[in-house]
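As structure tokens, here come the structures.
Two complexes come next, and they have one chain in common, chain A, joined by chain B in the first and chain C in the second.
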Partner chain A sequence: MHDLGGVLTRRAFYGLLTLFLLITLVFFVTRFVGDPVAMLAGSDPTEEMLQQIRERLGLDVPVWQQYVTFLGDIVRGDLGDSYSQGVPAVELVAERLPATLLLAVLALLLAIVISIPIGVIAAIRPGSLIDSVARVLAVLGQSVPVFWLAILMIIFFAVNLRILPAGGTGTWQHLVLPAVALSISSVPLTMRLTRSALLEVLNKDYIRTARAKGLREWEVVIKHGLRNALIPIVTVLTLRLGDLIGGAIVLEQVFAYPGLGRLAVQALHVRDFPVIQAFIIVTAAAIILINLIADVIYTVVDPRVRVN
Partner chain B sequence: MVAEPVSITGREKNRGGPEPVLSVRDLVTRFDTRYGRLTAVRGVSFDLYPGETLGVVGESGSGKSVTMMSVLGLLPPNGRVVGGQVRLGDRDLLSMRTNARRSLQGKEIATIFQDPMSSLNPVLSIGAQIVESLRFHQQGLGRKAARQRAAELLRIVGVPNPEQRLDEYPHQYSGGMRQRAMIAMALANDPRILIADEPTTALDVTTQAQILGLLKDAKARTGAAAIIVTHDLGVVAETADRVMVMYAGRVVEVGDVEQVFRHPRHPYTHALLASSPRVDERMDKLAQIQGRPPDPLETPPGCPFQPRCHQAGSREICRTELPPLQQIEPAHWSACHFAAERFADLATRPAAEVQAAGGRAVAQDEVLRIEGLKVHFPIVRGVLRRPVGTIRAVDGIDLVLHRAETLGIVGESGCGKTTTGRAIVRLVDPTEGRVVFKGEDVTGYDRDRLRSVRRSLQIVFQDPYSSLDPRMKVGALVGEALRIHGAPRPSHRDRVRRVLDLVGLRAEDADRYPHEFSGGQRQRIAVARSIILDPDVLVLDEPVSALDVSVQAQTINLLMDLQRELNMAFVFVAHDLAVVRHISHRVAVMYLGKVVEAGDNNAVYENPLHPYTQALLSAVPVADVDAGERPRIVLSGEVPSAANPPSGCRFRTRCFKAQSICAEQEPPLVYTPTSEHTVACHFPGPHPIPMR
Partner chain C sequence: MASFVALSAIFGPIIVDFDPNEQVLTDRLLPPGTEGEAGYHLLGTDNLGRDVLARVLAGARASLGVVLAALILGAAIGVTLGAIAGFYSGWRDNLIMRVVDAQLALPTIIAALFIAAVLGTGYWNTALTLGVTSWPAYARLMRAEVLRIREEDYIDASIGLGAPDRNLIRRHVFPNLVSSLCVVASLELGRTVLTESSLSYLGFGMQPPDASWGSMIRDGQAYIFEAPWLATVPGVYIMLTVLGMNLLGDWLRDVLDPHHE
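Showing the complex of A and B:
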């Protein structure tokens, strides 16, 4: 057991390294997007006004010097104030983060609830009707662009049937369409993975042992089969959560859902550097944290990871 | 005398014995494969009587395991029982519903599988797996009581600190301990029948001795009848009351072990016994069964063994009529048309060619010398990969190899024999010591200089399935070394053809891929590849351990022939003491990175002086029912870790002679005043009980 701490320390170290590289990359890339000063100054500014704004925002010094100041600020936990709204960028991001996380986690849970049972059935009866149908739907689900599907769903459920709101936020009904649309992108992969992982596990000798003990087939499949098949599934699911956050950001545009995505897009339009940076840093930190949690889950699922 | 196959239940008729607990009739099992429908079991009938042990032997593909899996209802999805009856007491298992049938398993019939690592669920603790079996079949057994019972079971099978080890997972157990846990699980519900499918095949010989003893105790404790499926005739001779021999999906001979082993009544059994090398006896040459078992997809008429039979191959009836299983004498059946005849010995080649390894004159010129060889592997940990320990795989050994000589290196897993072989051909770099090849110290050679030496120092690996690149044709595989070592191109094909011919393959085989060949043929390809550059030294790392007995005999004979023809020296690394005895001129016995005893083959085998060698030799089951109860030295405990070997003599923690000096001083490998070979022991000498 002594090694779990060691593993987590190592992963945390690599996580911080990743974060640092990402911050650096984001800092310089945003600088190439354009000049925020002109946008903030309004129409027809004088050179003097522009200079004033530059000084206020600290953009009057060379880029490398800005970078050093920026790193120093981060260490102190200060990600700067939004250029356009004047409040700390972190606050803006923190305000929106829960909404996006809620959407992503909901979509993930939905994907798990849909895909794992279907995957299990497909693995128990390979070549059956359910397996074949699931396979076709999986290909379909994987090839349909999420935003397009989202628009179709709005037209069908909100415009034609009028049973769900087309966008916005407030009630649980507002979450249904975005969460379902988002989960669709994860279902095919998880389902196929569950099927193939479980099929492989069901061929193992220890499954034969479990049967030889006399256990009923469902016990064999769930207790001995699925527990082992979960190991690769957990890996992929945690990777999916990162993708889901990314996907949520796109869908938020379609559903006019007030999450991080909309904040980021708005910030990008006005080149609000601190907000863009805060958004990326927080998102990346969240994903790295999720991966750390995944490592803990592994040790629960797979005792072999615990020692060494 | 001719009896219907159905009435092999001869025992109760002839002896008035009890009713069988398990009765199988005309069992037929099929598999649907890519290549077509394959009938793996072709009408097998047998009975199992209360309290007896039935040994089932046969080579791979004989249907022995499939028969058992059919009985247990554990066939893979593409397999199906298409005919016959399986009766457990008065219940017909094949007509029962899956769940009802399965509920008898683990309760009335318990199973022990071959590989205890893959047969235990890696994500559940050993305790959980035993408790599961207990509580499933014993409704009302509480969690706590079940746990207590599980600990009790572990204690019975000899797992130390059972309470604590209940919570450990399979990967924290050693191979032997896992098999003990598996047996504990099988005993959980006091079964009436124990079926063990190759229960010791994955284990070392001293562990095998422990497990076979344990199985005997377990059987005595529960009074269960047992079926032991094995390819090892020695295991059958030492554990079974009756033996059933299978070939090509059929039973070819059944009878009491003494009768069958003393007077086999089927040519296949006869040949199988003759082609197994023995640890207690030196044979001139292994008798070999020609050819291979029939393709299970085809069913030519006549006796399935006829194409390989050395008895009556030319008789018409053998080619046209399938011989039924007939009663030869009370409790002895054979499926041979000529079972009543006395069998001739297996034809080997002319006597002039036959020369025992031990009798051969060995040139005294030395080709390879190893001095103080050490191979250590660091154990690293953490981000910085700092070393936290060292595995002393090989820890200071000296060996000498002469021209055209075979040096056998034996020992159990983890003793360093394979690493030694690899260090000789420099697949791993020695940590210390010298490798001197033909008077030249090659230890410090760099890549380029090594290449020139490598053509004279070749290796053949254990697994002929994974050691040949599946995407290369045989000709390219065998000829690759020629290309690398820059032999002139046009001569390649000729040389490949010549070498293929030497190892008994056809020239056309050069254009086929490895997967088209059987295990034995693949090992011939591997040998062809290694000898094409005409090396002086060939390291053979467990070259026959993946092969069936009859194919093993062919391969060993081939190797011995090649050595004679090409004057090569072999380093023969193996765990099988009988095979090493047969092929080697000299042997070195290794334990935990050290050579504990070395010398002339006969001297070491006939007069072992080291307690470890004595224990090893006594642990090997011998396929001889006349050998009687041999005193067996069963070693206690397990091999210590090579990262932290015991002080002084490394064997002392398991030695029956150990005294205080053994912990303080490491015994040197020396001649004793009376011995003809060297031994590393403070108290060398014959074992107090004569071993044979």
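Showing the complex of A and C:
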């Protein structure tokens, strides 16, 4: 019996280490390159004003001291106040996070519902018409800029057909176009992966045994095939959630959807660094946490993973 | 397809005799295929009366130029650090690979936005941003390959003959890597074109009057009711470019790597 607790502790430690390194990178890159003081002071600042702002932001002490203070603040969950809005940056991010997560999770579910059945059909009948069409669509889907596809969808469904709103928020109709557009970025990969994972499993001996037992074909494919092919699929899907959040950031601009992305892009335009830092740290922490949970789930579910 | 886009980017100014930045206000928002005051507009004109075809081709030059510069930069950083990590192991390997992990914990577009906000926008800053965001892919590939090649007998033989590390990497390790590097680079190229277009769509890429595909789509979005071609045409170009690069990458992999199915 392998030491499950040990494996998970090590993974959690690596996750924290990764987050710590990222925070360090973000801190030094912003301090090294950006100059928030000049920006806050406006035009023609006096030396006195500059000094006041530096003191208020804690920028008047040596960098290593700022770094230690910064780490201490993060541990307490304090990432500073927004330069432009004057409220805690963490609050701003926390307020917007659910909207973006909702969009990403909806897109993930849609991607699963669309891509797994197509992948299964393509694996059962490799070389068939459906397989070929799916392959072409997958190649196209990986080459298309999603924000542009979203605009095409707005032109078609909102401008021409007038059946869905072009942007904004409030009702479930507002979520349809953004979620569908976002899911399209994940469908090609998931579909190809389902196909190849299932094809591999279907060549195994136990599938032949299942067929020899006289099971119906769908039972062989779903119960014995798909179940065993699910692990690589689930792994890649959880890893996709990070890219989905990234995609949501861009799509929120297209649809004027009030999530993290709009907050971040506004903050980036005015170089509101506390908000930018909070955005990056919270997003990265969420992604690392999701990966960790995925690790835990399949370590527990699949005994084969533990051996490696 | 990729070569078609590249050729049209290079020879664009010869084929199309419109200046991409010239504004003819009487020819505003002409649909594709209309004869305007300044001549025939195959793909129409935008809200300032500029020829869309000329702008898309200028955008091809700008986008491909930035992406190529980013590719060279990203590959140079990634290959160097990946080779160091793979060759020396130990703390250098640990440090470099943990930084790779940390950067990969952020989605590419978020990392790119952050770096662009710190560095500023414009042609060269965009190239720098895209280069810095793409190096981890090369570093991982390089490290894995160096680790594999290091086990080969001819490396042991060279070490036995007293060859210095630098020569080992340059003469024996690097030539064995060129083919897999080409595959990763062409796939990475397509991805970088997509990231560049997202960046400039969000306003953090190249700045006006430089035509970039992403910013053309953003500007065109304001006119989707009266002039839908403005947002549509540049996207078709992006798609063809990325598609061409992805197909090139797949083809290179099939040709260069007989083990891959």
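Assume the second predicted complex is superposed on the first by the 292 of 308 C-alpha atoms of A that agree within 3 Å, B and C clash if a C-alpha of one lies under 4 Å from a C-alpha of the other, contacts with A are read in each partner's own complex, and residues count from 1 in each chain.
The working rule: a contact is a pair of C-beta atoms (placed from the backbone, for glycine too) under 8 Å apart; a residue touches a chain by one contact, two chains touch by 3 or more.
What you are looking at is a predicted structure, and each value in this text was computed from that prediction instead of being measured.
Of the two partner chains, chain C is the only one touched by A:Leu140; chain B is not. By the touch criterion defined above, A:Leu19 reaches chain C but does not reach chain B.
By the touch criterion defined above, A:Thr30 reaches chain C but does not reach chain B. Of the two partner chains placed by the overlay, only chain B lies in contact with A:Asn203; chain C stays clear of it.
Of the two partner chains placed by the overlay, only chain C lies in contact with A:Ala264; chain B stays clear of it.
When chain B and chain C are set side by side, the one touching more residues of chain A is C.
Contacts of A:Ala212 after superposition: chain B is touched, whereas chain C is not reached. When the shared chain is aligned, chain C comes close enough to touch A:Gln253, but chain B does not.
In the superposed model, A:Arg10 makes contact with chain B only, not with chain C. Shared contact residues of chain A, touching chain B in one structure and chain C in the other, are absent. Of all residues in chain A, only 14, 17-19, 21-22, 25-26, 29-30, 33-34, 139-140, 142-145, 147-149, 151-152, 154-155, 159, 242-243, 245-247, 249-250, 253-254, 264-265, 268-269, 271, 276, 280, 283-284, 287-288 touch chain C in the complex they form. Within the complex, the chain B residues that touch chain A are 72-74, 76, 98-99, 102-107, 110-111, 113, 115, 118-125, 132-133, 136-137, 169, 171-172, 182, 185, 381-383. The touching residues of chain A, counted against chain B in their complex, run 6, 9-10, 13, 203-206, 208-217, 223-224, 227-228, 231, 301-304, 307. Touching chain A in their complex are the following residues of chain C: 98-99, 101-103, 105-110, 113-119, 190, 194, 197-198, 201-204, 214, 217, 221, 224-225, 228, 231-232, 234-235, 238-239, 242-243, 246-247.
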